[in-house]
Structures are given as C-alpha cells and as structure tokens.
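Per-chain residue numbering starts at 1, and chain names A, B and C are given in the order in which the chains are listed.
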Amino acid sequence: MLMLPELIIVATGFILLVLDLFLTEKQRDLLVPLALAGIAAALGALWLTPDHGVLLGGRFAMDPLAWWFKLTFLIAAFVTVMLTSGLLESAAPEPRKLHSPGEFLTILLFNLTGMLLLASTRDLITLYVALELATIPLFLLAAWRRDALGGEAGLKYMVIGALASALMLYGFGVLYGVTGTMRLDAMPALLHADRTTLYAAALIVAGVGFKLTLVPFHMWAPEVYQGAPPPVTAWLSVASKAAGLSVLMLVLFRVFRPFLHDVSFAIAVLATVTMTIGNLVAIVQRNILRFMAFSAISQAGYLLLGFLAGGSVGAAAMVFYLLVYAVTNLSVFAVIILHNQQTGSTELTDYRGLSQLNPLLALALMFGLFGLGGIPPLAGFVGKFLLFSVAAQAGYHWLVGVAAVNSTVSLYYYLRLVRQMYIEAPAEGAVPLKPGWMLSAGLAVTTAASMLLGVVPTVYESVRASAAAWLQSLGQ
Amino acid sequence: MTGEQIMFYLLGGGAVLASAAMLLPPMGRSPIHSAISLIVSFFFLAGLYALLSAHMLSVLQIIVYAGAVMVLFTFVIMLLNLNADELQESRITPGRIAAGILALFVFGKLATAIQLTTAGAQSVDLSDPGFANFGSVPEVGRMMYTTFLVPFELVSVLLLVAAVGAVVLAKRSMKYVDRPLPPPAGYEHPAPSDDEGGHDAHAHGGGH
Amino acid sequence: MTSIPLGHILLLAALLFGIGLAGVLTRRNILVMLMSVEVMMNAVNLTLVGFSRYNGWTEGHVLAFFIIAVAAAEAAVGLAMVLAVFRLKQTTYVDELRLLKR
C-alpha cells in the first residue's frame, strides 16, 4: 500500500501521545524505543513500497525520487531519535534534559509525516499543508527548552517562517488563478512566459529559500541553530533542508519546467552567493552550533548546482548528495550533542584535546568534517564531484571554479576544528566523554555510511536509475 | 457605478484603512488598539467575501479568524499587560524607510503583473444552474472530503501539534528550566493578598 | 455576472499584501509582526476568492479554508512562544532579544 510509511508514522505519533498520559516518569524511558520501532517499521514498509504508483486520483503519487527522499527522511529521523535518547531519558542531567519526552517525540514524528507526504504530493493544497506541517512543529521544537536562548530562537524562527510562508502562499494563489488547476502536473502547459509567472516563481522560491537557508533568506539559521537544543539543530540541518529541496525540485522540475532554462542563470547566482557567504562567515565562528549553521548554508549552495542541467543527472546528483550530507552531518552532530550533553559547552575551543580524551570520537568527528569538506575517498567528495560535473556539463565553468575555491575555503574551517582536537592539549581537569550505547551506535552507523556511500557504487547507481525513471514519469 | 461596485469600494477601502491603522499612529501605538483595528479589518474582508459569493468563507472568517485567532491575540496582549507606554518605537529610521520602500516596490510589481493578466477578463454568470451552490458549505465540503481528504487530515494533525506544543511551551515554569529575571527597577509588588505577581495571575491548573 | 473588475479585486489584495509586508519589516514588536503576517495571509485569501468568483471554481475556497486553519495553528504556536519568552524577559521587542549575537 503506497501510503503505508506515512500511516505507520502517524499511528506511532498518536500511540506515543496517548501512552504518555499513562506512564510514570521512569516508564517514559520506554517511549524512545517505541518511537524507534515505529520508524523502523516505516522503513520496512518503505522497502516494500513500489516506487511508482498513484492514489486518490493522482493526488498522492509515488515516484522513484520521492522514494529516495522518504528514505533520507526516515533514516535521518531514526538516527536523530537515537542521538536524542540521552537527553530524553529520565536520568539525563537536569539543565540540559529535554522535558516532556512523549510530546517531543510525537511532535517530531508528526513533523516527519509532513515531510514524507511532501515528497509525494501532486497538488497545490496538499503541498501547502504538508509544507506547513513540515515547518511549524520545528518552531516548537526549537523553543523546547523554554530558556532565554531557546525562546528567542523559536520566536525569530517563527516570525521569519511565517513571513516566508505568506510570500510563498501569494505565489501559489497567483499560480492557481492563472492556471485554474491545483494539479501541479497540469500547470506547465497552462503557464505562459510572462511577468506573472516570473513573480509567482520569485515569491515561491523566496519562501522555499527560507527552508533551504539560501542567501538572502538565511538570516534565521545561525540564531536558531544556536538557540535550539542540539538534537533539534541536528534534525533541522538535515531534514528541514531535505524538505526544502524536495519542494524546490517539485516546483522547478514540475511546475516551472518549461522555464527552467531561463532561470538557470539566476540559480547559478543564488548558488554562488549562498556558498560564498556561508563559507566566509563560517571562518570566524567560535560557537560550534553557529559554525554548523554556516556550514549548512554553504552546503545548500552546493546542492543548488544540480538544478542547472534540468535533467536526470542533476536530480540524481542532488538526491545522492542530500543522502550523503544527511549521514555525514548527523555523524558530526552526534559528537556535538554528546559533548554538549556532558559538558554543557558549545564553544569550539572546548573541543581541544579531544583526541587524547576520546580517540574514537575524535576520529569519527574528523571523518565527518572531512566528509563535509569533500576530501576523497569519503562520500562527500563523490557527491560534490557529481554536482560540480553537472554544472560543468551545463556550461557553467566559472561556477565550478567558484565552487572548487569555496570547497577549499571550507576545508580551512573544518580543519580548524580538527586542529583543536588533535594538536591542542586538553583543558585542565577535562574528563573523557561517556556516550550511551544508542548514541555510539548512531555515530558508528552514520560514519560508516558516510565512508561507504562514496566507495560502494551501487547506491549511486540506483539513485541514477531512479532519476532516469523519474524523468520518464515527468513527461506525463 | 452599480450598487455592487459601490459596496466593493466601501468594504475594500475600509479593509485597507483598518489594516493601515493597525500599523500607524494613533492606533498603532498600542498593541490592543492594533488588535482591534485588525478585527475591524477582518470584518470588512468578511463582507467582501460575501459580496464575491464566497459565503462559507465569509462566515468562517468571522468565526475563526476574527472570533478565535484575534481573540487569542487579544488574550495574550491582555495577559502580558502591555500598554501604550511600552511602545517607544515611532522613530523613523533609514531601515524602516528602506523596508517601506521594499513593500511598495513589491506591491507595484504585483500590481503591474495583475493589470497585464486580467485585462478584459469576464466573470462567469452565477445565476447559471451549473453554479447553483457556488461558495456554499455543501459545495466546499464535498470537495474537501473527497478530492482534498489528505490535506484535511493533515491539517487536523497540524492543529493537534499546535495544541500540544502550545500547552508544553506555555506551561507554568518548571523549577529547573525557567529562571525569571528580577522585576524591572521601580516595579512594586502588589499587596500580599493577591496571588503571585501581576504577570502570572491566570487561572491555569498547571501541568497536563 | 459581477460588475467588479477582477483587476480591482486583485489590486486590493496586492495592496493589503504590501501593507502587511511593510508591517512585518518595519515594526519591532513581535505581536504586531505576527498580526501583519495575518494581514498578508488575508490578502492571499482575497486573491483566491477573486479568482474563484470570476471563474466559478470552488477549489480556491478550499485552499482559502486551509489557509485560515493553518493561520490559526501558527497563531497558537507563536503566541505560546511569546508567553514563554515574556515570562522570562518581560519584553516583546525583537531588539531587546539580543542574547544570540555571538
């Protein structure tokens, strides 16, 4: 059944919410394994789901690339819950503990539902509602700690998010008015290359750019990444971006397909500005969460390169890089979450000497940072290579040069953290970190994935094949 | 000018004036006056929807938007006890002028695009039997429960998330998470016969 | 047939959209910013109603309905956060929330 993963996640969310009413404080530790079981069941259902097909008269459709997006969302959710388990359990250290674990997990799972449905939507109304369900719970999660930082982060996120969604909505209204249909697939034939279409597209891209942290809609990211609890930041940096990319692909490849070539220059400029600003500002960051925010902003710039070709190669490169980025980023965040959980600090300098205190953790973090920077043979390098080759094929050689320079610059700031860990001595009285087994497992799996995805060709092969099949399906 | 057009300009003008009044002095100075201006604006809009045969939306606008959302805003404004003295923000800064120009620019662009798209458009004749139920509750409901069932269910999940999240966030402080700042200088605690301070005096049972 | 030109309806909606946008960008009080976003969403609703009236489509009304529902959810979430922040900091001004600069 095509909608089974979504239904399983929604059901798990409801079960957790209701169960939470009857459990005592200690019994609430049961909720994390339950959530993990639900996500695992959804992953199993996804495995069995065919990668094409329609439901409800074409309003809900499964296509090969949607399948990959859902896989990314579910894996990210599974790992995030594993990484958060240390903060949700009743024995967690007080000031950093996340209270109301049942509600937290429920809201996270409903957020996941919105994202899963976003990948499969084919009409404007479902797109809007799924996108809001993929966004609004994040405002809540960011402010979960209700301390000064978190509340501020949540509010700024909220206001900017509401503004972005209102802008996008106006674009949707104009699209509907001009074409007369809510079906996204029917729109390309009904749109003309005039100013109205241009303004609608601009408004929609502005709204989606907020989610993808494209410049100049990225202003919320550093503050929200810093103020939210680190596990929420991890989820944000991976899933919210994936959701934004899914919407952008839907909009550019389905609705505005005839005009994609005309806007490719604008996309190139947007990608350049996003990469460059993300990288330059990351250099001066001293707080690791803000550091990761700007790193994430620059990664969004690289992702945009896939739109320049307009064909299945570009889409495959983007989906593959998204998967790679998801596991690599989560592996980095695993260490950040652990470090914050046990020392309460988020300063870069507090990571010094980690290689002497926790050699394995430092090694994993190093691999993660190298993966983000794009050092071979890690998967990050392969993903970037694929994206750059899309840009080169489309004739944007200057852009490839800019992207390569940016990649090198990013290595500088990633290596700064590696230097802290390996060359600096640990602080006086610093103790080794003690990860729980779930966090260790999550870290191990994501690090392994970020190494293997680049080396084992089958994953990229299947993404490529899916993209080719998806391109066929676009023709209808 | 037909009666319809006169009504449109009256209602439309009222909506624009009320929205602008929400932002500009004298109403814009106080949050509660802004909220009331917005409610007035919503009523004008509801009238506009009714004029344009969107009957269900017109009633929904009053019941939900003016009657629930704005009441929520008013509640919070009253609860936080904000008054006009707190707003010292009627300064005209370059940033604000730039923002105002940006908004005007956006409006101008949209307006030109609209003129181009809709020149010479003819509306359908709603007295046609095909449009017997246009904009009525059964018609909208039929579409919502058949074609748009998935978004309908999603919205209910979204509202549940909002309700749960709002309860968790706005709960009374838990001792180890919230550490309120000391009251501002010159603040006098009310007489001890009240419970707590003026800011927290609402009748929540606490917990869930 | 309605005698109100479609262009006028859409122009009115664009004007409201602009007013709302100006409000969000210029005001610093969170509550007023959220109210301005509500004005923007109403402008979208008016656009949808105008297009629907002119073409006899009901789908526009359905989208407008969902927009109202989502706006209600957003308002609830936003106001809960305002309450939570205000309890701590006694201010609703964006400028005074400055803990997150570096």
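Methods note: a contact is a pair of C-beta atoms (placed from the backbone, for glycine too) under 8 Å apart; a residue touches a chain by one contact, two chains touch by 3 or more.
All values reported here derive from a predicted model rather than from experimental measurement.
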{"item": "Of all other chains, the one whose Cα centre sits farthest from chain B", "value": "A"}
{"item": "Between the pairs B-C and A-C, the one where more C-beta pairs touch", "value": "B-C"}
{"item": "Whole-Å gap between the CA centroids of chain A and chain B", "value": "31"}
{"item": "Centre-to-centre distance between chain C and chain B (centres being mean Cα positions), rounded to whole Å", "value": "6"}
{"item": "Cα-centroid distance, chain A relative to chain C, in whole angstrom", "value": "27"}
{"item": "Junction residues of chain B, two or more chains touched", "value": "110, 114, 147-148, 151, 155, 158, 161-162, 165, 169, 173, 178-179"}
{"item": "Numbers and ranges of chain C residues touching at least 2 other chains", "value": "10, 17, 20, 34, 50, 55, 59, 62, 66, 70, 73-74, 77, 81-82, 84, 88-89"}
{"item": "Overlap residues in chain A, where contacts from two or more other chains coincide", "value": "125, 128-129, 132, 136, 140, 143, 146-147, 154, 170, 174, 177"}
{"item": "Partner chain C, residues of chain B touching it in the complex", "value": "2, 4-5, 8, 12, 15-16, 19-20, 22-23, 28, 31, 34-35, 38, 41-42, 45, 48-49, 51-54, 56-57, 60-61, 64-65, 68-69, 72-73, 75-77, 79-80, 82, 87, 89, 96, 99-100, 102-104, 106-107, 110-111, 114-115, 118-119, 121-126, 130-131, 134-135, 139-140, 143-144, 147-148, 151, 155, 158-159, 161-163, 165-167, 169-170, 173, 178-181, 183-184, 199-200"}
{"item": "Chain B-facing residues of chain A, complex", "value": "10, 13, 17, 56-57, 59-60, 94-95, 99-100, 103, 106-107, 110-111, 113-114, 117, 123, 125-126, 128-130, 132-133, 136-137, 140, 143-147, 154, 170, 174, 177-178, 194-196, 199"}
{"item": "List of chain B residues in touch with chain A within their complex", "value": "109-110, 112-114, 116-117, 147-151, 154-155, 157-158, 160-162, 164-165, 168-169, 173-174, 176-179"}
{"item": "Residue ranges of chain C in contact with chain A within the complex", "value": "10, 17, 20, 24, 30, 33-34, 37, 40-41, 43-44, 47-48, 50-51, 55, 57, 59-60, 62-63, 66-67, 70, 73-74, 77-78, 81-82, 84-85, 88-89, 94, 97, 99-100, 102"}
{"item": "List of chain C residues in touch with chain B within their complex", "value": "1-12, 14-23, 25-29, 31-32, 34-36, 38-39, 42, 45-46, 49-50, 52-56, 58-59, 61-62, 64-66, 68-77, 79-84, 86-90, 92-93"}
